[in-house]
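Scrolling down, you'll hit the structures one after another.
First subunit A sits with subunit B, and in the next complex the same chain sits with subunit C.
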Partner chain A sequence: MASYLIGYTIIGVLVIFVVFSVLVKKRILFGNTVSVQKIFGHPLLHYSLRRIGSSLISIALAIIVTFFLLRLAYPAQATCLKLFAGNHVSEDLFKLRCDTWKEEMGFSGSVLQQLGTFFYNILPLPKNICRTDIVIGNGTFSYEIYSCRAFVINFGTIYNLPGFPDGGFVIDYMLPRMMTSFKVGIIATVLELGLGYPFGILMARYQNGIFDKIGKTYIMTIDAIPGVAYYYIWMAILCGLFALPRVYDPNNFLTWLPIILTMGFTGMSGIGLWVRRYMVDEFNADYVKFARSKGLEEGRIMRIHILRNAVVPLVRTFPSAVIGALMGTYYLENIYNVDGIGRAIIVANSSYNSSLLVAVIIVSALLSVISYLLGDIVTAMVDPRISFTS
Partner chain B sequence: MANEKEVVIDVKNLSVGFHVRGKKTNVIRNISFPVYRGETLAIVGESGSGKSVTTKTFTGMLDSNGFISGGSIIFDGLDLAKFKTNDDWLQIRGKRIATIFQDPMTSLNPLLTIGYQISEVLILHHGLSKKEAKEEAIKLLAKVRIPNPEERYNDYPFQYSGGMRQRVVIAIALACRPEVLICDEPTTALDVTVQAQIIALIKELQEEYKWTTIFITHDLGVVANVADRIAVMYAGQIVEYGTVEDVFYHPEHPYTWALLASLPQLGTKDEPLSFIVGNPPSFAGEIIGDAFAPRNEYAMNIDFVMEPPIFKISETHWAKTWLLSPNAPKVKKPKVIEELHLRMKGAATELKRQEGEDYE
Partner chain C sequence: MAVKNLNEKDVEKLFREVNENDPRLASSVPVEDKIDTNIKDLFTVVGSSEEKSERLDSAPYSYWRMTFSHLFKNPLVIVCLVILGILLFFTLFGTLIHYYPPLTTNVEGKVIPNPTPDLINMTKFGDPSNNYLLGPNSRNWFGVCFSGMGAFYRGQDMWSCVWKGTQLSMLLGVTVAVIDTVLGILIGSLWGYFRWLDPILIEFRNFVNNIPTLLLDILLMQFFQPYMERYGFLIIVFLLTALGWLGLAGFVRNQIIIIRNREYNIASQTLGSSSKAMITHNLLPYLISVIVTVVSTAIPGAISSEVGLAFFNLSFRVQDGDITLGQILTKAVADQTWMRYPYLLIGPMAVMAPLTVCFFYLGLALADATDPKTHR
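Moving on to the complex of A and B:
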C-alpha cells in the first residue's frame, strides 16, 4: 500500500510539474513573474520535456513492434513446449505449468488485450504482482501463492535459465548483472577517455610526426581486424604475456583488469581518431590564425582556442559512454566469463525467455533516449551558439 | 620626397617558396619594396598573385609548407626573414605588427565572448588586470562604434553581424597597439555600404594611432580611397610601385592598365565591361620572361624570353616592363587609361550620390 502511495505521488507530482511548466511557459500562469518564468519557463526544461515526450512516442511504437515480433517469434504454445516439456513431465502437469506461465506472461485474451497487458506491465505505474507456483505433493497438484511484490515496471518472469530460479523475476536477473557490467564498464570508459584524449591530442599536435604515424597505424589496425579477433589478441597479450587471470571474479580486482584494459585500449582508438580529426580542423581555423597573429603563445592557443573547440562536438558522446556501460558488452563478457548484462540478450534468446529479451530491448532503448537527451543538454551547456528556443 | 620618409619595413630581394607534393614552387620571386612609417601601402593584384603570402612573411604566418628562400625583411633593425621559432615571432606578432583578416565571420573564436577575445590581448601585451582589461575593452568597443559596449562585452560572435565582427577584429588590433597593421582584404566579405564604413573607421583610427597600414586588396576602388602608395603584384612580383597619383594617373605597366580598365566603376553604359583575358601563370614550372606576357596585348618578343628589369620613372615611381626600355616602341595607352581622370571624377560623383541615398 505504501509503495502504491509513494509511486502514484511521484507520478502525480511529475504530471503537475509538467502541466504547471507548460502553463507558465505559455504565460497562462505567472506570465509576469520573472523568477518563476526563469525556472519553469526555461528553454532547456521545455526542450527536454518536448524531447522526452517525442521519445516516449517513439518508444511506444518500438514496443508495439517488439510485441508483435515476439508473438510471431515466440508463439505461446511452442515456447511452452520448449520451456516445460522436458524431464518427462506428465501431460497434465505440462498443461498446468503452461497455462500458469501464459497467464503470467500475458498470453491470455485477445491480441489487443494482450497488448494492453503488455503496456500496463511496462508502464511505470506502481503495481502489485503476485505469482503462483505449482507445488507437487503426493502425486496431486496444488496451487500456492507464494510471492507478491510491488513493481513500478514488471518485465515478467524467467524459466529454464541455469543458475536462476524458475519463475524468478526478470528485474532480479537484470539489476545485479547491470551493476556488474557497469562497474567494469565505467572504469573502462574512464580509461578510454583518459587514454583516447591525450592520444588524439598528441597525434594532432605532432601531425605527420612519428607518434602520429604510430597512432594512425594502431587506429587502422583496430578498424581492419574484426572486433572478436581483436579481443582475442588482447586476451592473448594480457592473459598470456602478462599472465593476468582469465576468469573474472567480482571479489578480485586483478581479474577485472583484462576486460577493462581490452575495452580501454579498443575504445581509445575511436576517441583518438575523432579528437585528432577535430583538432586538425581547428588548427586550420581562421580564428586560430587570428589568435596567433594577435601574438598569443602556442600553449595558450592550444588550450583556449583549439582544444576547447575541438572537444565541443565530442562532449555529446560523454553521457552515452557512461550510460552505455550499464548495458555491458557481449563478446568481452563471454571471453572473460563476466556474469554481466551484455550476455543477457543472447541468453534470453537461446533459453526462450522472451520476457528477458523484451526487458533488455526496452531498457537499452530507454537508456539511449536518455543518453541522447543528456548529450544534447551537455553540448548546449558548452556551446553558446546552441539555443533551445524554437 | 621618398627619401625624407622613414622606412618602417624594408623588403629586399624576398623570395618565398612552398613544398607542394614533394616539389618546390617559387611563389614570391625576388621582390623589393619599402613600407614608409605612418603611410598606407596598398598591395593590389589578382587572387594568387602573392599579396597575402608577402605580408604573411612579416609575421611568420606562412603555412607550414611555406619557407623564405631568400632576401631580407628589415623591421626596426631586425631581419624578420631570419626568424625561425615561435618565440622569435612572439616579440613581433600582435604587439608590433598586427593583422586583420579577410573574413570577420570566421576570424573570431565562436565559443569565446567578444570581451574575452579583446581582453586576452590587453592582458597579454599590456599586463592589465582582468578588471582593467574589461574597462579598456569596453572603451575599445566604443571606439569602433559598437553600440552599448558594456552590454555587448559578454556577447558571442554569432550575435554580431559581419560588419560588427570586423569592428571587433579592428578593436582587437587596436588593443595590440601595433606599429604596423596589415589589413588582408578586410572588406572583401562585407557588403558595399559596410565596406565604406569599415574603411572610414580604419582611416580614422590610423590618423589617431599613427600606425602604418599595409592594405591588401584586389579592389582598386578601395585603394584610391585609403592608400598613399600602391604596389601592384602579378605572379609573385611587384610590377609597378608608386604613389597613388603615380599609379592611378600615370600607370606604366600594361598589367596596371588592364587592372584599372577592369574597374567596373569606370565603365560607361555603351561599352562592354573590360576584363583581363586568360589566367595568371602556374607556379609549378619556371616562369620565363615577363609573367604577364601571354595575357598582354602590348607584349613584345623580348617579353617572352627575358624578365624585364625595374625601370625607374620618377623618385617615387617604378615599373617592371620592357615598354619602358629606351629601345621599346612608343605605345598608346588604352582609352580608358587616358580618360582615367574624367572617368574617376564621374565615378566619384556617382558614388557620393549613392552614399547620400544610403544614409538617407
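Moving on to the complex of A and C:
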C-alpha cells in the first residue's frame, strides 16, 4: 500500500509540475513574478518537455507496432507449447500452466484488451505484481503465489531461459546484464574518446601530411570492411598475436581487454573523422585567419580558438556514448561470450520470451530519447550562442 | 613650408629641370611623333561580326570528361579498379577455372536432396577424422571447409565456396544498392522539397529508430521462414531494403533543404518552374556528387549488412543451395578453430576485404571527382 502511495504521489507531483510550468510559461500564473518565471518558465525546461512529449508519441507508436508484430510472431498457444510442453508434462498440467502463463503475460482477452493490458503494464503506474506457480500435490494442482513485488513498469516474467529461474522477473534479468555491459562499455567509451580526439586533432593539425593519410586510410578501412569480419581481425591480432584470453570472465579484467580494445580502436575512427572535419572547418574560418594575420602564435590559436569551437558539435555525442554503453553490443558480446544485455535479443528470441524483447525495445528507446535530450542540453551549456527560445 | 611658397612658374621650372636631367628623355624623338608614325602599322580595321560577337571563347569544358580525368589521375583509383576487375573476373569465371561444385548442387544451383555417396565423395576433401581440416594446397587453393561449418560445408573446397558465395553477395549488393538509391533519392527529394511531408517522415524516422533493426529482422524472418526456399533472394533483398533507403533519403533531404532556398532556386520558382522541374533541373544536378558517392558506398554497405544477417543466422539458408560470402565467413569463424587454422579466416577475408575496401575507396574518389569545385 505504501508503495502505491509513494508511486502515485511522485506521478502526481510530476504532472502538477508540468502543468504548472506550462501555465507559468503562458503567463497565466505568476505572469509578472520574475523569480518564478526564471525557474518554471526557463526555455531549456520547456524545450526538454516538448522533446520528451513528442518522442513519447513515437515510442508509443513503436510499441504498438511491436506489440502486433510480437503477437503475430509469437502466437500464444504455439509459444506455450514451446515453453512448457516437456516430456513429463501431463495434458492437464500443461493446460493449467499455459493458462496461468497467458494470464501473467497479458495474453487473455481480445486483442484490444491485450493491448490495454500491455500498455497498463508498461505505463509508469505503480502496481503490485505477484508471480504464481503451480504446485503439484497428490493428484491435484494448486496455485501458489510465491512472491509479490511493487513495480512501476512491469515487463513481465521469463520462462525457459538457460541459467535463469523459471518465472523470474524480466527486470532481474536485465539490470545485472546492463551493468555487465556498462562496465565494459564505459571503459571502451573512455578509450574511444581518449584515442579519437588526439587522433582527429593530429590529423587536422598536419592536414594532408603522412599521418593524415594513414589516418584516413584507417577510417576508410573500418567503414568499408563488414563489422563482423573486422572484429575477427582484431580478435586474431589481440588474442592470437598478443595472446589475450578469448573468453570473457567477469572477474578477470584481462579478459575484458580484447573487447575494450576492439571497441576503442573501432569507435576511435568515427570520432577522429568528425574531430578532423570540424577542426579543418575552423582552420579555414575567417576569425582564425584574422587571428593568424594579427600574429597570434599557432599554439594559442589552436588552444583558444579552434579547439574550443570544434568541441561544441562533438559534446553532443558524449551523453549518447555513455548511455549507449548501457545497451551493450550485439556482435562483440556474442563473439567473446559476454553475458551482457547486447545478447538479450538473440537469447530472448531463441527461448521464445517475447516479454524480454519488449523490455529491451522500451528500455533502449527510452535511453536513446534521454541521451539525445542530454546531448542538446549539454550543447546548449557549452555553446553560449545556442538558445532554446523561439 | 617650401611647398606652399612655390608659384606656377616655379613648378614649371622644376619640371623642366627634372626632364632635362632625365637621361631617358635627353636625346629622344618627341613622343607624339613616334606614336603617330607607328599607330597605323599596329592596327587594322576588321569590321564587326554579329556571329563572332555572340560566341563564347572559353576553354572547352565537359563535366564528365573532367570528372574522369580527375579520377584517373589518382593512382590508387587505378589500383582499386584493377583489384575490382580481378575480383569481378573470378566472381564471374572463377567457378569455370578451378571449381569443385560445392554442396553437391545440381545445374540450377539448388542442393540435391539426397546425393549419392559417389557424388558426395567427388566433392569432399580432407580427412573426416581430422574434422576435414586441410590447409591450402595445390588442389584446394583456399583450403577446405572444416566440419565446424556444418554438415553442408564440411569437406567442401573453400575456393569454390568463396567464389560461389561472392556471386550471390555481389548480386545482392548491387540489387540492394540500386533499390536503396532509387527509393532514397526519390523519397529524399520529395521529403526535402515538400514542406508538408517533413513532419510526417521525421516522425516515421523517429519511430523506426526506436525499434532495433536486429529485432525487426528477427521478427520478419519468422514470417518469411517458410518461403525462404523459393523466394530466398527476394526476401533478403526486402529485409535489407525495407529500411535501408531511410538513411539515404534523410541525407538527400538535408542536402535539399540546404540548397532549396538559394537565390537561383527562388528565382526559378518565381519564374514559374514546376515542382518536377525544380527537383530534376535545379536540385538533383547539384547533388550529383553526393548521389554518386552514396551509390558506390551502398554496394559494400549491402554486402556488409548481409554479413551481419548471416552472423545471426538470418541470411540465406545453405540447405537451399544459397551460399554467400557472409555465411562462409561467419561459419568459418564460428568456433575457435580458426585461431589454430587461420586459413579458415584468410580465405574468405582475402576476397571480402579487398572487395569492400575497393568499392568504398572508389566511391570516395568519385565523390571528389564529381564535385565541380575540384575541376578548376
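As a convention for this text, the second predicted complex is superposed on the first by the 387 of 390 C-alpha atoms of A that agree within 3 Å, B and C clash if a C-alpha of one lies under 4 Å from a C-alpha of the other, contacts with A are read in each partner's own complex, and residues count from 1 in each chain.
Just so it is clear, a contact is a pair of C-beta atoms (placed from the backbone, for glycine too) under 8 Å apart; a residue touches a chain by one contact, two chains touch by 3 or more.
Values in this document were obtained by computation on a predicted structure and should not be read as measured data.
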Subunit C versus subunit B, contacts on subunit A by residue: C
Touching partner for A:Thr66 - first (subunit B), second (subunit C), both, neither: second
Which of subunit B and subunit C A:Arg385 touches, first, second, both or neither: first
Partner chain in contact with A:Glu298 - subunit B first, subunit C second, else both or neither: first
Contacts of A:Ile370 with subunit B and subunit C, given as first, second, both or neither: neither
Which of subunit B and subunit C A:Phe290 touches, first, second, both or neither: first
Partner chain(s) touched by A:Arg308 [first = subunit B, second = subunit C, both, neither]: first
Common ground on subunit A, meaning residues reached by subunit C in one complex and by subunit B in the other: none
In the complex, subunit A residues that touch subunit B: 285-287, 289-298, 304-305, 308-309, 312, 382-385
Touching residues (chain side subunit B, partner subunit A) in the complex: 59, 61, 86, 90, 92-95, 98-99, 101, 103, 106-112, 120-121, 124-125, 156, 158, 169, 172, 176
Subunit C contact footprint on subunit A (complex, rising order): 55, 57-59, 61-62, 65-66, 69-70, 72-73, 220-221, 223-229, 232-233, 235-236, 239-240, 246, 330-331, 334, 345-346, 349, 357, 360-361, 364-365, 368
Of subunit C, residues touching subunit A in the complex: 203, 206-212, 214-216, 218-219, 222-223, 297, 300, 303-304, 307-308, 311-312, 326, 329-330, 333, 336, 338-339, 342, 345, 349, 352-353, 356-357, 359-361, 364
